[in-house]
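The next part holds the structures, each set out as structure tokens.
Two complexes, one shared chain (chain A), two partners (chain B, chain C).
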Partner chain A sequence: MSPDLFGDPVLVWLGPFPLTRTMVTSAAISAILIVVAALLARAILRRDDSRMAALGRLTFRFLRDLVRDAAGEEWPALEAFAGSLFLFIAAAAVVGQLPGVPAPTSNLAATSALAVLVFLAVPLAGIRARGVGGYFKHYLKPNPLLLPLHIISELSRTVALSLRLFGNMMSGHLVVALIVALAGFFVPVPLMALDLLIGLLQAYIFTILASVYVGAAIRVGEES
Partner chain B sequence: MSPTLANFLFEAANFLVLAGALGWLLFKPVRAALDRERERHAKEEADLKALRDEAEKLRADAADAHARLTSELDASRTEALAAAERAAAEIQAKAEKTRDERMAGLERELDALRQSQAEGLADTLGRIAATSVQRLLERVDGPSLDAALIRAASAEIGALAKGARAAPVVESARPLDAETRGLLRGALGRDFEERSDPALGAGVRVTTSAGQIDASARSLAREAARELRAAGLPEGTAP
Partner chain C sequence: MTAQSILALGSILTAGFTMAVGAVGAALGESRIGAAGMDALARQPDEAGAITRNQFVALAMVESTAIFCLVISLVLLFANPYVSGGG
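After this line comes the complex of A and B, so read on.
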């Protein structure tokens, strides 16, 4: 594990497109998640009473309840989106504990990409639920003069999402990397456990916030 | 392309692919399976509720039928009891009527039997009395019973008015001798028609236009029997 904070070494250039270590890690995490999800779904569909099926059900119910409690109602597309966010960020936190493998979420570009996706998902969900006029009208309430503040709010919370995740994940890795550099192996194990806990907590927080934002967009105008 | 921008774009695309794949591979089938399971549970619950409702309805129907049958049974029992009581009363009344009729018939038969026995006894006693009187008269060497009776008849005829002695008929148990015939002719004041009737026993019976004078042993016996009846026969023999 290196103390390289912001740099993301390019492993290979595919023409003009650089292939970085974060990309490879993210792709690997995604592949693993997809395989595991396929196994869980297969177990649920074929062997309803197996442990894998029970694990799949528990995972699904946990994510569904998490999203439903935050968003206020069941929304299958939101469940898939927010559930994928949780699984990806949590898997990144776990993978980040492996020596020499940086968590994709400790890269600002990666967390920004996730935050931007949440930012885009909010109006998409609002438009889908309320229509274009019904959704964008709330930017003019309670007074059109507040439109800039609404926009700043949307942008700032997106930036906050990105920086919160990046800062927490990067700091944990930085601390562990510094201690490894100074004291050697096995010493930072408690800190690694704490880092894993923080990573899982950040996955929970990111998912909750994304669900709240999207849920608010879905229910926009209901209060009036 | 800068590595940062490439990273950003790749991460966004990677996550969209991941979300799509997870939605298609995990969330959609698991949600469908859970929905099916929920629907199955709901259906089983609905079936159970329907069965429970049906059982409740059957129980209520059974209770109603039981109550109805019990009521009908009570009514039938009451009706049968009343009919049986009526029939018993009718049978009892009929039996009492039959008993009364039979009792009345038996009493009538008994009365008739008593009457006939009393009459027979009176006749027998009369005959015995007449026979005894005749024997007594013979032993005391007095006139025969026939002569005594004819003299008694002649005395009664003599008490009649002369107009009441027309068309006389004299019936006797035995043929009259000249003496008794003359005695009677003298009493009647004219000739008379003679007839023989052994059933008279002794004496004569004279019939005139005014009536009949019976001075026969049978008449005496009847008189004795009448007297006996008037005096009172022993218990069970009185007519």
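After this line comes the complex of A and C, so read on.
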């Protein structure tokens, strides 16, 4: 038995560009999320006391408090960014429970793309908050000798972010697949519930870590 | 035994060993986090939200070392670049 854990099956070739399963599922999740968010926003604007509006408010408040507590700062762009990350990863974990549809986050390329987004958001937020000089000066503190360590820490936490999400999501599916092969129907149901819990927890943790990293970049130089 | 089968045997043994050693470290660390979290919850029940949140984040950070070991052992088993049968 040699399951294809690290590859990504190509569905269609669009000329020279492959259209893989991960691309299709992640695009579909994004489209569903955008439609649902638009419906919730319309409900809030039109009928303020409806259940849809309450759901939209609750979701927004949950994400805003989550990001604000982790980043320690009011920063609407960060709330939108980290909240979108949470919604995408959580929706991917839920979609991954459907039969035959693996979560896009159980692909290393997809999780690496999410981690690279966080990696790029850190200096962007820092430069927007502190200016180019103010942000990049912190790489030379407390001593210019520590510059390589700063760079290594940024790179290694990006790799850790992507590998943590990938490993958790992929291992859950692997365990469920093994139990299905060994025991058959209904036995893997508790493990699927555990997989769903782990997926939602990983979305929470990814969001908190992204908020902490960006929040630290925003607050660069405040302590000195 | 051919060179390929020796490589495969080594990969399988190393995958099991990686997972065993990696799981021990993460288990010890997570047990300490759990104990410290319970202790903090018993002392300050009012701060339950913040304690639980930070505890989950710390658990995920420690857990990720075991996940790295899992990824490495899965690479050894299913995507090994040196064994012609795998990957």
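The working rule: the second predicted complex is superposed on the first by the 220 of 224 C-alpha atoms of A that agree within 3 Å, B and C clash if a C-alpha of one lies under 4 Å from a C-alpha of the other, contacts with A are read in each partner's own complex, and residues count from 1 in each chain.
Keep this in mind: a residue touches a chain if its C-beta (ideal position, glycine included) is under 8 Å from a C-beta of that chain, and two chains touch if they have at least 3 such contacts.
Keep in mind that this is a model prediction, so the values were computed, not measured.
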Touching partner for A:Phe166 - first (chain B), second (chain C), both, neither: second
Which superposed partner A:Ala38 touches (first chain B, second chain C, both, neither): first
Counting only touches as set out at the top, which of chain B and chain C does A:Ile205 meet: first, second, both, neither? second
Just chain B (first), just chain C (second), both, or neither: which does A:Val189 touch? neither
Superposed model, chain A: greater residue contact from chain B or chain C: B
Let me test your reading of the model: by the given contact rule, A:Asp69 touches which partner, first (chain B), second (chain C), both or neither? second
So in the complex, the part of chain C that touches chain A is made up of which residues? 50, 53, 56-57, 60, 63-64, 67-68, 70-71, 74-75, 78-79, 85-87
Could you pull out which chain B residues touch chain A in their complex? 1-12, 14-23, 25-31, 33-34
Residue ranges of chain A touching chain C (in the complex, touch as defined): 2-6, 69, 160, 163-164, 166-168, 170-171, 174, 201-202, 204-205, 208-209
Considering the complex alone, what residue numbers of chain A touch chain B? 8, 10, 16-18, 20, 22-23, 26-27, 30, 33-34, 37-38, 40-41, 44-45, 48, 56-57, 59-61, 63-64, 76-77, 79-81, 83-85, 87-88, 104, 107, 109-110, 112-114, 116-117
